[in-house]
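We call the chains A, B, C, D and E, going by the order they appear; numbering starts again at 1 in every chain.
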Amino acid sequence: MRTGVFFCQGEERKGINIDSVAKYSANLPDVETVQILKTSPPPDIGYLAGQIKALSLGRVVIAGDFPGYFKPVFTRAMALAGGNTAEVRLASFKEHGARGENAMDRAKAIVACAVMGVPFPLAAVPGGNPVNHATLIIGGGIAGIQASLEIANAGKQVYLVEQSGTIGGHMAMFDKTFPTLDCAACILTPKMVSVGQHEMIRLLTKSNVISVSGKPGSYKVKIKQKARFVDVKSCVACNQCTDVCPVRVKSEFDAGISIRKAIYIPFPQAVPNAYLIDETSCTYILTGGEKCGVCAKKCPKECINLNETDKIIDVEVGTIIIATGYEFLDVSKIEQYGYGRYPNVVTSIEFERLTNASGTTGGRIVTKSKRINKKTGTEEWYFSPEGLPPRSVALIHCVGSRNKKYNPYCSRVCCMYSLKFAHLIKEKVPNVSVYEFYIDMRAFGKGYEEFAERIRQEGTFVVRGHSASVSMKNNQMVVKGEDILNDRLVEFEVDMVVLAVGLVPSPGTAELAQMLGIPRDEDGWFSELDYNGNPTDTDRGGIYVAGMCQAPKDIPDTVAQASAVAAGVLKNLTSGKGIGHMSSIPLSEIEAKAKKIQIF
Amino acid sequence: MATRVNPEFIDDLDRFGAEDVKMCYQCGDCSTVCPHADEIFKFPRKSMRLLQMGLESKIETTLEPWLCYYCGQCSEQCPREADPGETMMSLRRWLISRYDFTGIARLFFRSRIAEIAAIIIIALITGAFLLYYGFTGGNIGIYDGEGAFLPSGFIHRFDLTVGGILLIFLVINAFRMWNFTMLKNTSLKVPWWLYITEIWQFPWHFFTQKRYAECEQKHEHPVYMPWLLHLGLMLGYVTMLVLVMVFVEALQSGPEIIWEVHIFGYLASAGLLAGTIYFIRNRLRKNYIQYKKSHGTDWVFVILLTIIVLTGIAQHVLHRTGVYEWANYLYVIHLMAVVPWLLRMPFCKWSHLLYRPLAMYFAAIRREAVRRQETILNNYPVFVK
Amino acid sequence: METNRQKLKMAVYWAASCGGCCVSVLDVHEKLFDVVAAADLLFWPIALDTKYRDVEEMPDNHLDLTLFNGAIRNSENEHLAKLLRKKSKILVAYGSCAHLGGIPGLANFTSKEEIFKRVYHESESTINPEKTLPSPVCEVKEGTITIPEFYDDVRSLSQVTDVDYFIPGCPPQTERLVEVFTAIVTGAELPPKGSVVGAGTRTQCDECIREKTENKQIKKFYRPWEIADDGITCFLEQGVICMGPATRSGCGYRCIKGNAPCRGCYGPPAGVPDPGAKMMSAVAGIIDEKEPGEISKVVADIADPAGLFYRFSLPVSLIRKKVS
Amino acid sequence: MEELRTGVYVCMCGTNIAKVVDVEAIAEFARTVPGVALAKTYKYMCSNPGQEMIVQDIREHKLNRIVVAACSPNMHERTFRSALRIAGLNQYLLEMANIREQCSWVHADTKGATEKAKALVYAAICRVKFHEELESVSVNMCPNVLIIGGGIAGMTAALELADAGNQVYLVEKNDHLGGNLARVDLTAPYLYSARDLLTERITRVMEHKKIKVFLNSTLRELKGFIGNFTASVSGVNGTGDKTAKPEVVEIGNVIVCTGYKEFDASRVVHYGYGKLPNVITSFELEKMIREGNIRTKEGKIPKYVAIIHCVGSRSQEFHSYCSRVCCMTALKYAHEIKSANPGCYISDIYIDMHAFGKGHEDFYRRSSEAKTLFLMYEKDDRPVIHKAEPKDNCEMLIEVNEKLSGEHIEIPADLVVLMVGMEAREDSHEIARLVNISQDNEGWFIESHPKLEPVATTTDGVFIAGTCVAPKDIPDTVAQARAAAARILARIAKEKIEVDALFSEVNENLCSGCRLCNTLCPFSAIEFDEIKKQSHIISALCKGCGVCVAACPSAAIKGRHFTDLQVLSQLEGLLAV
Amino acid sequence: MEFKPRIIAFLCNWCSYTGADLAGTSRMEYRENVRVIRVMCSGRVEPSFVLKAFASGADGVLICGCHPGDCHYQEGNYRCLRRFTLLQKYIIQMGIESERLKLEWISASEGKQFAELVNSFTETITELGPCSIREKTKILL
């Protein structure tokens, strides 16, 4: 079939030299013309139709990072020229992972497949390396837990690496989960316990992956396990060490709204259910063993060893699953909401801890109270269980999300959790007014729309319009906004503002991406191999992404992804075909395979 | 009756400088941060919306674009970089062309070439006319008095003629504006006597530009500088206009300086000069969001103004120092710039000199009317504003 | 007539009951002759003129078989129960009242005082200006009268004395009595003491031929008269509470055959101490509502749960008596 | 019955228990209870020496019941059970008394706490008396899998399972694979080729030796339970000459991926679909785009195109849910129409712009950049489409209350595209009945837990994936399909399914077939034997909640390890002290 | 002597028992009158358990399960709720104060709520005084 190859690459991308790919494609069989087109303005339909007619092209291949953007133009041209529109083929560099060191070869192969009319993945199935049956999972949130259990339940060894002292991740911090409002702890803790007790899961808390080497199917991983200073096996979580510890720091688990000691347990249901020492605040460790050390003396089981050192653990695994999750955007850099300036402007995760029954106020929703710090003599605001309940609360969506200056993307969960907050506030605080400021109410999942409707009916004032300012007027916080649907500017006196803070990849993402050789997208999340077809695979064979670290998503989607990853892993272990990097297959092999493939 | 949406309108507005308005996804952040938006005049979001949808008949009835002083706060805040401030600016341009019945403004805004050509033609006609008049009846070496090249009496008549033309255009446009914004906008019934009780608003805003000072969020330093400079520029312009129209003979008489008149001239020149330098500097530096994008007409305005100010000062210096011949030539050049400048006024941005205080006046009337009708229903338990 | 087998010595006694049980004994009709042939009826107040004294004079274990029907309501009932126990080799609690307390047991929903008040003071047909109440001992001019003491509660037979077997039913199915009787007479091996005899081991549903599907989701309960029974579908599926699932089989599902739901006279199957509680659990479990308000509405349809679920078994249930 | 020899072990937990509870007094008291052979206290019962002690005692003193009074069973029940196993005693002959979390840690008064601890220990002793030796059972797991539906979800799952070496039967109702995705050309938001994706999947499925594809076929019957199903599959009448006789296959698990059907746009009367010629559905537009020929019925190139979102979705009248993909698809169309006809103006009439996923917001932004006019209407205030007058210069006028401007407007349109939502397939009820899973009001299949079990159903061995659960886009569908495959792979890997010993069982001597329990089981573990007229519990499916036990009016169902006797004796024990 | 009510609590294994444990690990002090029976699901709690508790001398009975919608077994807590509703009606008929029987939803994270519940319930029962069922229904021979 007479084929024309048209390159539509918007901007020059590192790693791909269009000219050279074009030269290559000119030599492919049946290729009549190869043209590099400008994309702005888009290619002219009349010109293309003329070309197709003049050269009597039977097939048109559009090549580039996102050739689909130009497909309608070519289809139209094809139709005008009287050709078969089904023969407009795409050679999508981005979709099929033409990036990294092998980008050029891959780009060529992608074009070659398109010219032959073969879907690229059919020709490029990597295989070969035998697979080690152990799996490394990085991140112990719900995605990591789910994937671990899924794989370990099939009887395969799992190493679960978690950088904090307990697994559970962000989900453990939540109170209720939307839209069913079931309690996060009730559904998560049994899973955590299963992980802790599973004989096929080796749980490495306080650990980080420091280097990865090897090839798909047999990765050698170095893990640094930081000293916990407490023997996990013998600790009975009796709390005596914590009672005597003199150091008081903000609790990470409580999102900083409560105080913990230097020796602590992140939360009562933590897994492993044992104490740990925060080496950054423990007096004994900071002073090099000169001061304090009372906890070790107090411990009745003598399981505290303050002189414990970090360990390096070497493991060999066949597959690696990245489930590193997300972090919250630093909201203090978005000045207009007054976070940090006004005590009762809180972030969503702080509010989540506040409303949690096991939180510092026992689930009472209160405004902050003032106290004088005895040591420094300064005023500080804190959540006290006796605090006054707010009379009105404003919930502001899209704080830092959908905003070109911070996160251009949508964080996907904020609408729903803000609605959930509205419900919880309404439920727990009598006679409270709740205002939700939103731009688009993204209630897209199963049961979400109905939930949103229910919140409206509960009497929450849902204001379509974003609020961009929180200020103080006569000692009263006011939130300004535009209520677009009612066509008015509003200014509400509120006692509390909850900011639905956008999500960003967790801090170590860049480092990990580099270590593993996985690309990240413009927003910093890990890139999947193929958005539609393989949403959990990555460019590297045997390395998968699951959950939030790929892009924001809610719990069901995260769980589904984590399980999907497990399918990939288990399939590799039992198929006997082995795995390899997709990108490492040589061009000649793909060409040869493509020639043989028959399309059904 | 349903209003017909015009999807093509946005293409048209592109030419007036509103190319980013398409990006707006209507979050309302801009209206929230705008220091001038209030419960009756909500903008810029609403104005942007009307623009996006191409509801021309609605837009021409709005006063909102005139209430914006382009502090740039909204554009800074905009999460999608839709540049609401520039949109308001573009809407003002569009409104100017709308108030203008001749279509010249529209032509100028849409085509820089047409504008420059028009200016050059007017300048050349003026120059030719003045030179012809000067050389036929006067002596190039005489500045004023007997045998003057351009006698002050003639200049006065000339000025009044040009001013008269200007006035005709302005008055017609002002009536059109009133028609669009107050008569066509039938959503509110305005009692006639409000026009009288609120009349003070017009001179008040004209001379103080108070609202400009209320753009407290302006990020420039010191805070009131832009307002002061703008005020200086405006007052300088008005003063000059008055001097030219009324006291031109005193101005031109010499050689001694008539301080009662000249002092105003100097102050006005200083104001104009300072303002011009300031705006040129900012437009070149693009240091604040409101200066990031400059429409072609803006540059024409600034360049012309610079020429006028510089030639005016130079001409005056030469006149005072007795270099009459060159003073006369410069005078011609000065007037070649002044006449198109003045005649251009109803068709360009500078007409906001009139429209803004007028809009303030109308807005005050509307506000008062709304207050009297108490039509705003309060659905919210805590509704402070 | 001395045969190789001694003729059975037998007694039938009627305590707090309606008499239906005695009638059911008579219902053996012509078989009564076989009974008489096989047994000597030594004590049967409804049929024979035997005095208590005669019983007292009997030697212990003189009687081979005593069929005791009726609940224990007063001291006389108790006395006779204990007396007959002493005189009998086999004491059978005959009928629901002796077995479970039966209909008289419903008196446990109230107290002795209230019963007296109603009967002797308030009842429409009573004229009792002196407000006299019966007392166990009372002096009249003829002398001292002792009448049995009226107890505060009703008890089943087994709650006052040791019982060998239970024959349930209100009244017991006569055929079952014959079977039991024949077994004893022929000297067949008797079941262990304390067994329920003359009834099945499973529940009514085992026999009942009404169509039972899994479709037991109830949005509203009906009293039997509130629905048009189709005669085919399981009562529970029609929303009518039928005690069948918690009631021992053996009666031949007589009520259900007669298109009335089972009321539970045969008592619970083995292993169920409190049939009412079991039935409540079963019935409530199939209410098809989730909101507390809606559930309450459905439950409100059951006007008198205690009377319904414990019609025959209140005195032997866990909470056997109303606490006032 | 053998003589009862109970060993009672009271843990001090350092001082955690001993500080408040007088552990010695408890041991002393326990020794007085009949049946107790010995009672000991120890500092840390859970420590190795502590467990060692229990093992030793069981062997030496021939103990046959163990009571450990220590912390919560959630913490250490497994530990002590393993000690019993080591000692050769059935692990269920253990009972723990929680005298730490629910006694010493929550009470300060020594006397009261000790009293309560005594009661707890006594109750445990009473209860353990009735404990039985229980063994877990296992059933065979057939590695074959049946997949219903040959769309992207079904094919993905099939490949995943077959690649792992398992036989897969893929049943497709139509004469071709691909499902709804076969109608789609490009996918939002990156405009990748859906057809390439599908061609790849179909080719691999058709070539795979381990996948048997049944086209033009439906599932007729499914019998059995997890690991042991038999399914009969047969051709649809009249459509294919394939299989007249049902084919019976042995399978261990089922995945249902039957997908969705599009909402019938003609149900929304005021959109005039079917009456106005140029009102078309999204799928009709998709076809036009694919053919490169976007034209009105009159053959003109439309100048104004309006896209109306949420047709059939998010409305009280039709479906209250959001169909999740239409917003992005609409943006895709806006792009495609504009690219193919650069002179075209596009109005996008929406309620809320659901651009929530990866790359979505960026795509939305690009659409704005391309000057798509976004107009917002309210859920309950839908647009109305009229035929236009000749003077209007367009085919139709769409009247709507635009919410963001508050104006009542009319939008010119030559072509109106209705973004039809997804709805459950009409045959979904039939499928649900066949495989015994439940559906919600809208007809979507219900997952066993919306958060943590998004692909499992309440029937063990039956999984659901893709758009038959709820509307979703391709990546989410693929992830779900794989998740279902993962579940099955993990199960198959073990060859047998271990069933926890704590299931319920029906005593056949007592069950009279009243069928009260049949509907109660959320896991469909209770089946009714029509011949015996008795209910029967499939232990492999039973999760041991005991709802049926409580409901059985004839006490025929026994809840293992939570029998009436055990609970009641514990209860009496608690109240006796 | 001071009246010390005896209260039996049936706690479901997944939410409420864990919640009660959480109260323990968080050292929330509460009254020692409650004695706990663990069941797998509140749906296992039969009326006869409750009645038996009263008959055996309990002064109050508490049933705790997962919040509606949270049940580990999907609907067990609803079954419990229905039984509870009917049982309440029955015990009122039998002259037992309805306050003595309480059904409450306690999730795994609601340790504090559990402690408060125990305290308030103990308070209620103390005010009601001892339950006389055991004495009243005893058969005196």
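Heads up, the rule we're going with is that contacts are C-beta pairs under 8 Å (C-beta built on N, C-alpha and C of every residue); 3 or more make two chains touch, one makes a residue touch a chain.
The shown structure was predicted, so the numbers you read here are calculated from the model rather than taken from an experiment.
Asks: Treat touching chains as neighbours and tell me the shortest step distance from chain A to chain B.
Replies: 1
Asks: Using C-alpha centroids, which chain lies at the maximum separation from chain E?
Replies: Chain B.
Asks: Among the chains, which is located farthest from chain A on the basis of C-alpha centroids?
Replies: For chain A, the chain whose C-alpha mean is farthest off is C.
Asks: Which chain is the middle one, judged by CA centres?
Replies: Taking the mean of C-alpha atoms per chain, the most central one is D.
Asks: Busiest chain-chain interface by contact pairs, anyone?
Replies: Top of the contact-pair ranking: A-D.
Asks: From the mean C-alpha coordinate of chain D to that of chain E, what's the distance rounded to whole Å?
Replies: Their C-alpha centroids are separated by 32 Å.
Asks: Could you please state the distance in Å, as a whole number, between where the Cα atoms of chain A are centred and where those of chain C are centred?
Replies: Centre-to-centre distance between chain A and chain C: 70 Å.
Asks: Between chain A and chain E, what is the separation of their C-alpha centroids in Å?
Replies: That gives a centre separation of 43 Å.
Asks: Which whole number of Å gives the spacing of the CA centres of chain A and chain D?
Replies: 23
Asks: Please list all residues of chain C that touch 2 or more other chains.
Replies: Answer for chain C, listing residues that touch two or more other chains: 278, 281, 285.
Asks: Can you tell me which residues of chain A touch two or more of the remaining chains?
Replies: 180, 182, 187, 402, 440, 484, 487 - these are the residues of chain A that touch more than one other chain.
Asks: If you look at chain E, which of its residues touch at least two other chains?
Replies: 18, 25, 27, 46, 48, 52, 72, 79, 83
Asks: Could you run through all the chain pairs that touch each other?
Replies: A-B, A-D, A-E, B-D, C-D, C-E, D-E
Asks: State the interface residues of chain C toward chain D in the complex, per the touch definition above.
Replies: Residue list for chain C touching chain D: 201-206, 212-217, 234, 236, 244-246, 249, 268-272, 275, 278-279, 281-282, 285-286.
Asks: Looking at the complex, which residues from chain A come into contact with chain E?
Replies: Listed in rising order, the residues are 175, 180-187, 189-190, 237, 239, 268-269, 356-358, 362-363.
Asks: Report the residues of chain E in contact with chain C in the complex, numbered from low to high.
Replies: 46-48, 51-52, 54-55, 68, 78-79, 81-83, 85-87, 89-91, 93-96, 131-133, 136-137, 139, 141
Asks: Flag every residue of chain A that touches chain D in the complex, lowest number first.
Replies: 42, 45, 66-73, 75-80, 85-86, 88-90, 92, 94-95, 119-122, 146, 150-151, 153-156, 177, 180, 182, 187-188, 191, 193, 197, 234, 236, 238, 240, 273, 300-301, 402, 408-410, 412, 440-450, 453, 464, 484-485, 487, 521, 525, 528, 530-536, 550-551, 553, 555-557, 559-568, 570-571, 573-577, 597-600
Asks: Which residues of chain B touch chain D once you look at their complex with the stated criterion?
Replies: 1-5, 7-8, 10-11, 22-26, 46, 49-50, 52-53, 55, 58, 80
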